[in-house]
Amino acid sequence: MIFASGLSRGVFTAGNDVTELYAPKTTWKRYREFWLTQTKFLARLLNTRLVTVCAIRGACPAGGCVVALCCDYRVQTLEGTFGLNEVALGISVPKFWAELFLYRCIDRTKGESLLQRGLLVPPSDALQLGLIDEVVDAGELMSSANSALDRYLKVPSSARAMTKQTIRSNFSKEWASYAEEEAKGGWKMLNKPHIIKALGGVLLKLSGGKAKL
Amino acid sequence: MIFASGLSRGVFTAGNDVTELYAPKTTWKRYREFWLTQTKFLARLLNTRLVTVCAIRGACPAGGCVVALCCDYRVQTLEGTFGLNEVALGISVPKFWAELFLYRCIDRTKGESLLQRGLLVPPSDALQLGLIDEVVDAGELMSSANSALDRYLKVPSSARAMTKQTIRSNFSKEWASYAEEEAKGGWKMLNKPHIIKALGGVLLKLSGGKAKL
Amino acid sequence: MIFASGLSRGVFTAGNDVTELYAPKTTWKRYREFWLTQTKFLARLLNTRLVTVCAIRGACPAGGCVVALCCDYRVQTLEGTFGLNEVALGISVPKFWAELFLYRCIDRTKGESLLQRGLLVPPSDALQLGLIDEVVDAGELMSSANSALDRYLKVPSSARAMTKQTIRSNFSKEWASYAEEEAKGGWKMLNKPHIIKALGGVLLKLSGGKAKL
């Protein structure tokens, strides 16, 4: 399975719809369902028997980054960004997103610094940190992703999938079972006045000043 | 303690005797004892108070690789291979073998990819990944292993051994206590028709086509 | 918050006062309080909401090293040493000190070897291993530390602090709750005749042969 963006702009995905995180525009019930659904998807993606490859064209922040980190292989275009930049938006990085990021990061101390400072890095740095596996010209993105997929499919798939799940199933289970507690903590955070203000600012900026908050 | 191969060929050890894994040629009782004995040995090797050095001449796949990973220091000849290639044989990598491999691997994402794809790497790559500590000409293998041993023996052995066990004893205990459950899962896997077929093929190849399956 | 040494010599801190570890010169009651207080401080330092930067001038062994590892950012002068050299003194590395060291170490196998052999490394090696973040000329130490602090303070502090604690609070809690058990084990170790002898030798050396043991 290959994840790729259908957008014409150079954006893999901008991550979560900020409206879903902006407390005045959502409800506890809606946010809880949003968070549980998303977490269930991510934890299952991490642990799927399928080979998963991410073809990343351009920007890959926040939610897009965590989708990529759940895959088996990540190839990104030369132009782009990669990382969990929640802090720059004024919110904290979800626990298992941070842990998965640091697990994949060769230099965990550098990784912690990126998370604490909400920084995105260019693909060349992400490659060096082990966060992505390959950097290519935009024109080669899909062929590189397909080649990676083929390499994984050369071996007996049952043994490959069992090995993948041996490595990942504990993390996946812990992640999924933490979702309910995380939703509660997240909702509490999203209702703090300074977070509402910060996310309101993000929405206003995204809408070019036209959002009604 | 130095582990070295007595074989004249360039093979440290080829790992487990595949006959012990081939369900039609063994029994649950025999396999269980085989697995528990092996796991007990490996978990104790990891946690021994002794200084353990692995002098690896040539190929070091699967079971040979995990013996090496349990040691304090690994020196390998320029010619050779290193890794857990179970998937290439059609079987999955045992849980704690994978975890120990990934713990020693500087780039865990690259390491996961090697495990999922059943790949062995040359010693120069293994060195870069942190999986081995030194690569030498074949003629210098034993002297290099002895020098490494001497370096570890320079410090007070009680403090060295306590520090080693402080770092490794939790992992060692969890590994040993998982053996029974793992034997059950392993036996179930080894009795799947496609696994029997795959391992039968390996045995046939190893015997030059002469094995009676 | 920046940690820096007020010593005129090139020593960040030599770590614990060895007298507090020398059984004939202390008591169980005193040692226990010493250990619990120290561990509580370190576990809280690791998990503080504040930005913590370590400006390390010169030598940074043992207890000084673990203070540095608890911080967000470490800058060290070109001349110096870094590491947990307990084994060289004849005692073992405390459990969570070793774990934090290995967590920050890019190459954990190399890190284990340093711990087992009680070795200190020069700042350039510590940088390459990910143990420190920056190496500078002595004259630039404080300005570099201040610049690092400023970089962390650019982002919303609430989101930064929450992310830091998301990453570190489990480790910090486990560390703090292990202190009592560790104090017991430590006291037992410190009363072994060969450890008393080894630490006595260290005290004698530190005092230039004048210590009354």
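When the chains are written out, they are named A, B and C in that same order, and each has its own residue count from 1.
The working rule: a residue touches a chain if its C-beta (ideal position, glycine included) is under 8 Å from a C-beta of that chain, and two chains touch if they have at least 3 such contacts.
Model, not experiment: these values are computed from the prediction.
Colleague: For chain A versus chain C, which are copies of one sequence, does the interface use mostly the same residue numbers on each side, meaning over half shared, or is it different?
Modeller: Chain A and chain C contact each other through largely non-matching residue numbers.
Colleague: Could you work out how far chain A has to rotate to sit on chain B, using CA atoms and steps of 5 degrees?
Modeller: The C-alpha superposition of chain A onto chain B needs 120 degrees.
Colleague: Compute the distance, rounded to whole Å, between the mean C-alpha positions of chain A and chain C.
Modeller: Measuring from centre to centre gives 34 Å for this pair.
Colleague: Among all residues of chain C, which ones touch two or more of the remaining chains?
Modeller: In chain C, residues 106 touch at least two other chains, as defined above.
Colleague: Once bound in the complex, which stretches of chain B touch chain C?
Modeller: 72-73, 103-104, 106, 130-131, 133, 151-152, 154-156, 158-160, 162-164, 166-167
Colleague: Please give the residue numbers of chain A that touch chain C in the complex, ascending.
Modeller: 86-95, 98-99, 102, 106-110, 112-113, 115-118, 189, 192, 194-195, 198
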